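Heads up, the next two complexes both have chain A, just with different partners, chain B and then chain C.
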Partner chain A sequence: MTTVTRRRALRYFGVSVAIAAASFAMPTSAQERTSIRIGYAISKTGPNSGGAGITTLPNYQLWVKDVNDAGGLELPDGSKLPIEVIEYDDRSSAEEVVRAVERLAAQDKVDFILPPWGTGFNLAVAPLFDRFGYPQLAVSAVTDKAPEFVQRWKKSYWLLGGGHDYTNALAGLLSKAAEAGEINKKVAMISVADGFGIDLVTAARPSFQEAGFEIVYDVTYPAGTTDFTPMINEATGSGADSFIAFSYPPETFAITQQAQVAKFNPKVLYLGVGTGFPAYGANNGENAEGIMSLGGIDPNNAENAAYRKRHEEVVGQAPDLWGSVVTYNSLQMLQQAIQRRGLDKEAVADELSNGTFQTVLGEVKLEDNQLRKLWFGGQWQNGQFVAVAPVDREGAAPAILPKPEWK
Partner chain B sequence: MKTIIGFAVAAIAFGLLALAPFYLDAYGIGLLIGMTGYVTLASAWGLFSGRTGYVSLATVAFFGIGAYAVAALNETLPYPVILLVAAGIGLVVALIVGLATLRLAGVYFVIFTFGLAELIRQLVTWFETTVTGTLGRYIFLPLGPEHIYWQLLALCAVTLLITWWVDRSRLGMALRVIADDEVVASHIGIDIARTKIALFVISAVLITLVGAIQAPRWTYVEPAIVFNPTVSFLTLIMALLGGAARLWGPALGAIPLFILFEWLSANFPNHYSILLGLLFIVIVFLLPRGVVGLLERLRAPSAPLDQAAGTSAPAQGKAASQEVRG
Partner chain C sequence: MLTTTLIAGLVLGGTYALVAMGLTIQYGIARTMNLAYGETIIAAAFGAYLIHNTLGVSPILGLVLLAPAGFAFSWIVYGLLMRPLVRRSKGGAVLEIDSILATFGLLFVIQGVMLVGFGGNYISYNYMNFGVDIFGATVAANRLLAFVLALVIGGGLYLLLTRTRWGTALRAVSVAPESAPLVGIDADRAARFGFALGGALAACGGVVVSMYQTFTASSGVIFTMKALIVVIMGGVGNLAGALSAGLILGLVETFVASYVSPGLTLAAVYLIFLAILLWRPTGLFGKARR
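And now, the complex of A and B:
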């Protein structure tokens, strides 16, 4: 009985293979160029869709609309071609994002590929961008290994800094405040036991030690924790003037609420991802005042203000105050590199490495394929998330210390 | 004689598939990697679940163990040794889990295996945060997509060979008796627990190796990436569509479904999840016994039922009905 079944089965197996072969042998016809094809794979569903839907995807859409409304991408000869978008959903799966980028490069033969969201996914596709020669303008990937990656993948660009940048900037700000006698030299830290929290807390320990701070409380909690009362109580008793939480959005919101209930008002309150969401400022109103986090914007930058307004009109929500503007900036860099050097990927990559660009961040020039001139710390001041660190950078607002009382 | 012909045809098919990377572009190879990966996962899943009726959702637990072992060891050990260590870890975990749980019946086992993936993910996270102080790990191995594909193809062949061998061995005989009636089986002296554990361990080691071989493709590994529960569900639905108790059944389910998923995600990226859900419902209602079951039913008028359906059909029916209940 089994051989009969197997023979039948084999026949079907063969048919399936033939179908498979036919499906990826589909020809892509050469045609007169009427558009510039730009593709990307992004997490539209699954656990990563929250972050991708705030920092990355709206900016891709806004940029494509801005460019096409202005007649398209300009080429060196002055002609303009509209952008044709090819978009895939990676469903928050690493295997899916790898295959989608292979499809964009080998099947769709797009002119440029925009990177996915997240450190892990940017690394997953980096070898492919490199193999196919596409420049990779990675924004939503905070990594201390960027200098190493640039050596490995020459056309990769890392625009959001590494964990040490953020914690060094914070330590610098706290040192300045401690020297001025505004706070004591003790910090209490909690961090989420997941990629972001671990990267940041591992970087923070040496940063604070070098700055002469004593870490009096340092615990890690599992992602999804909802009750922070015990940690807040311990931090209250630790005698530290600064409380730092490297948290994810749900916890950032929860800690803000529970600190108010516990009347826990440290002189420095620094929270993680989510603090820079427009909704955070809107929900917490006056109570957001004085709270610090990663990122921040320069309110005196007119181009950035115009970008924020346009983002809100087109997308229907304000951009977040950390990665969004850097994402839009990366697209403007690509646009200007194409305008100067055309569609040759090699030439565009060279321009991205060495050129100077005028973007929503002002004048931008990469150092060793990395954006180093960034705002690493911000603070809510009068309803705006204002950049306060690094303290020695021009345009940094003075931090309000101590943090005002809860209302 | 027929067996020899069957082997020859399979060998030629695998030989042709091994040549595919020389003719296909990167996307084609990527597609074959995904497809071969799922054929192997579904076949390995069918080897245990299809033959015992124990529906396991632990696929991604072992898949993730394999991937994480490669990520943890890729800088310290030569690659073949890493694969051996990964297989060894999979084996030990499967033994512990098997000894502890294979006395659970039906739906309790399903729930336990589902929890197992999350348990292992949390254990890895705990270990990484408290002991090593990092979470993500990098895999920089000099392996191109074609190397990953060839390894997967070889593993796929091994999986099918083991399945073929099990079906003809004393182990397979014992399984058929157990699937028919556990009480009878124990009365005639079959060690039920040992038989099930043996099969569970073989299946788990194969699944672990799929994860280990595929991991270098992602460069960066963290628990959220490798312990993605979707892998368990897709494997299960593929094996059930094809017919989990048959040698070629899981492959018959995995190949068309994989191509369909790919087509859906390339052409309907925004409606993928809805279409997938509808598809699952259709499969459960129209093909409760899988493609192979359907073929056998179509054949039934010309051949006596017991001859066409074979003795291992009850196990398959059991697996399918358990899925519907669960």
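And now, the complex of A and C:
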């Protein structure tokens, strides 16, 4: 126990062991504080590292750098303390993420914990955050059960909406197009037989039925499928104008490639996670034009544009066009809540629930601990992934329909 | 519809066979179960990606560079990691267990190096992604390349192994590593060569796979698993077995996806795997060993 403490102290404080140990003995006394300790467990290795490495981790790093470059996190008395980061790799294992969060709370006694990546992982650690009284600003978690979770775990916040939000927005967009006579009322749908795909397709079925659409093809495939030729062939023969795939990134890339090969060009092509990755636009160039997916950004939002530029400069890669900006927004919310209420977890949680924040998303206020003002659907237009749904939200661009021919 | 499915299945099977052939050679000749096999594939895929994206050179030309690199890498790995194990164990089951443990460690070393070098992000690029018409079915050119490469490499190596003196020596080591030295075969050298050859094949597979499949630094395990199924199903150490097992898997997956449900592809693959092993416990082309 002592050796761990000392080693950590040496590594992170960089001052003499004696002073570090002394300050460690009284972590709660604000006068002798030299830093604010923020910890997180994130998938740096394993199958989740691809998603965590684009939506979550770069934003944590960018935010810590931004804050520390500006002198640190500001407290209510106007003083500033630098952030000290404690990072663990959960190796994409649910047991490991639980263990790491427990260690952050019980052993490292950090001031705040940032959430892990993924719906399942956020649910796995939610009871721990609750037990230790940490606010949990879950971003990369899409769940329809958020209102229930908020009741169960009072300090949990859900910032990326639920499956129904996305499918209702999509159904709304398709209805509008069908009424204008641009597409027929048939959809073909495939989904990955895993968390995200199951959630979304379960939400999509009632959404489309209510909107009066007929689902003519509806199958699931196992995660890791690489050949979509059979499904594309079936969808071609189904007579649907809209093809929807609730897919993970490797499959999203594969479907895009294979649809081009098969010259399968439905009027609406809607794909899952990965479509909003900058690499998707870069790889597919003109062929990305007209492809839709979850998320999207308002290209006229100056704050967002500035954030994207800084992200690219600091991290060396562009942020994705769905969850990234919301992740950074959640960190700014935490920062402003600390500035107003200090380091008391209870007070910060209260501020997060009730306060209004000025972030990269503009003015943000949570409703029942959830962020409801979001872009639920985007489309690649002229090299940008532009928000097109919900169609009735101000700033939504009109969707380009039908999708242009493959180049 | 039937021909489309048949051709799609054969092409998919070719890609499976391509990534499995190196493993079957390594296991068959060098008697080492290389769990870091998939990592060699991914390393080559990263190589192809770099060649394509930074140098702007065709990944196919990259084969000229990466296949020998795969050979050299595996040659060195065998010398440093495997030879001491072979010497110590004097062949047999001990060597197999030791090699599994050693290459399991190697897996994490290679993966760690790639994670540090490239990060954990998804990598994909488009190359040769256009349709080719074969008997009315449209096939992606990059997948077709994998299929052709699998046939050429599989067929070529099969002929080499069965029709040449050099191939006979390699097979002799594979069948009876203790007796091969009695007729003047340098068993150590042959095993090392077999292992390196497998590495070169893995590199070829990686280059071609990178053209149509998204990968991350951690996705090597997926390839090792798939290759392992193909190798065990086809009969360990048998190239024709790997080729036919790969094609069977591809056909089963495509037919089930087209005519039953895409959700049952994995179940069908393992069902066939079980059925074949019940019928022929040593694999399709396997002979009883020991």
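Criterion: the second predicted complex is superposed on the first by the 376 of 407 C-alpha atoms of A that agree within 3 Å, B and C clash if a C-alpha of one lies under 4 Å from a C-alpha of the other, contacts with A are read in each partner's own complex, and residues count from 1 in each chain.
As a working rule, a contact is a pair of C-beta atoms (placed from the backbone, for glycine too) under 8 Å apart; a residue touches a chain by one contact, two chains touch by 3 or more.
This one's a predicted model, so the numbers in the text were calculated from it and none came from an experiment.
After overlaying the two complexes on the shared chain, residue contacts for A:Glu87 are found with chain B alone; chain C is out of touch.
Of the two partner chains, neither chain B nor chain C is touched by A:Asn300.
Of the two partner chains, chain B is the only one touched by A:Gly120; chain C is not. Contacts of A:Tyr221 after superposition on the shared chain: chain C is touched, whereas chain B is not. Comparing chain B with chain C, the partner in contact with more residues of chain A is B.
By the touch criterion defined above, A:Thr45 lies against chain B and chain C together after alignment on the C-alpha atoms of chain A. When the two structures are aligned on the shared chain, A:Ile198 is found in touch with chain B, with no touch to chain C. In the superposition on chain A, contact of A:Asn354 is made with neither chain B nor chain C. After overlaying the two complexes on the shared chain, residue contacts for A:Ile190 are found with chain C alone; chain B is out of touch. When the two structures are aligned on the shared chain, A:Ala106 is found in touch with chain B, with no touch to chain C. Across the two superposed structures, the residue set of chain A contacted by chain B and also by chain C is 44-45, 47, 92, 193, 220, 222.
Listed in rising order, the residues of chain A touching chain C in the complex are 43-47, 49-50, 52-54, 92, 190, 193, 219-222, 224-227, 229-231, 233-234, 249-250, 253-254, 257-258, 260-263, 274, 277, 279, 283-284, 317. Per the touch definition, chain C reaches chain A in the complex via residues 1, 4-5, 8, 12, 111, 115, 119-122, 124-126, 129-131, 138-141, 212-219, 222, 253-254, 257-258, 261-263, 265-266.
Residues of chain B that touch chain A in their complex: 2-3, 5-6, 9-10, 13, 16-17, 24-32, 34-35, 37, 122, 125-126, 128-130, 133-136, 138, 140, 167, 214, 217-222, 224-226, 228, 230, 246-249, 251-252, 255-256, 259, 262-263, 265-266, 269-270, 272-273, 291-292, 295-296, 307-308, 310.
By the touch criterion stated above, chain A contacts chain B in their complex at residues 1-10, 12-14, 16-17, 19-20, 23-24, 44-45, 47, 87-89, 91-96, 98-100, 102-103, 105-107, 119-120, 123-124, 126-128, 131-132, 145, 152, 193-195, 198-199, 202, 220, 222.
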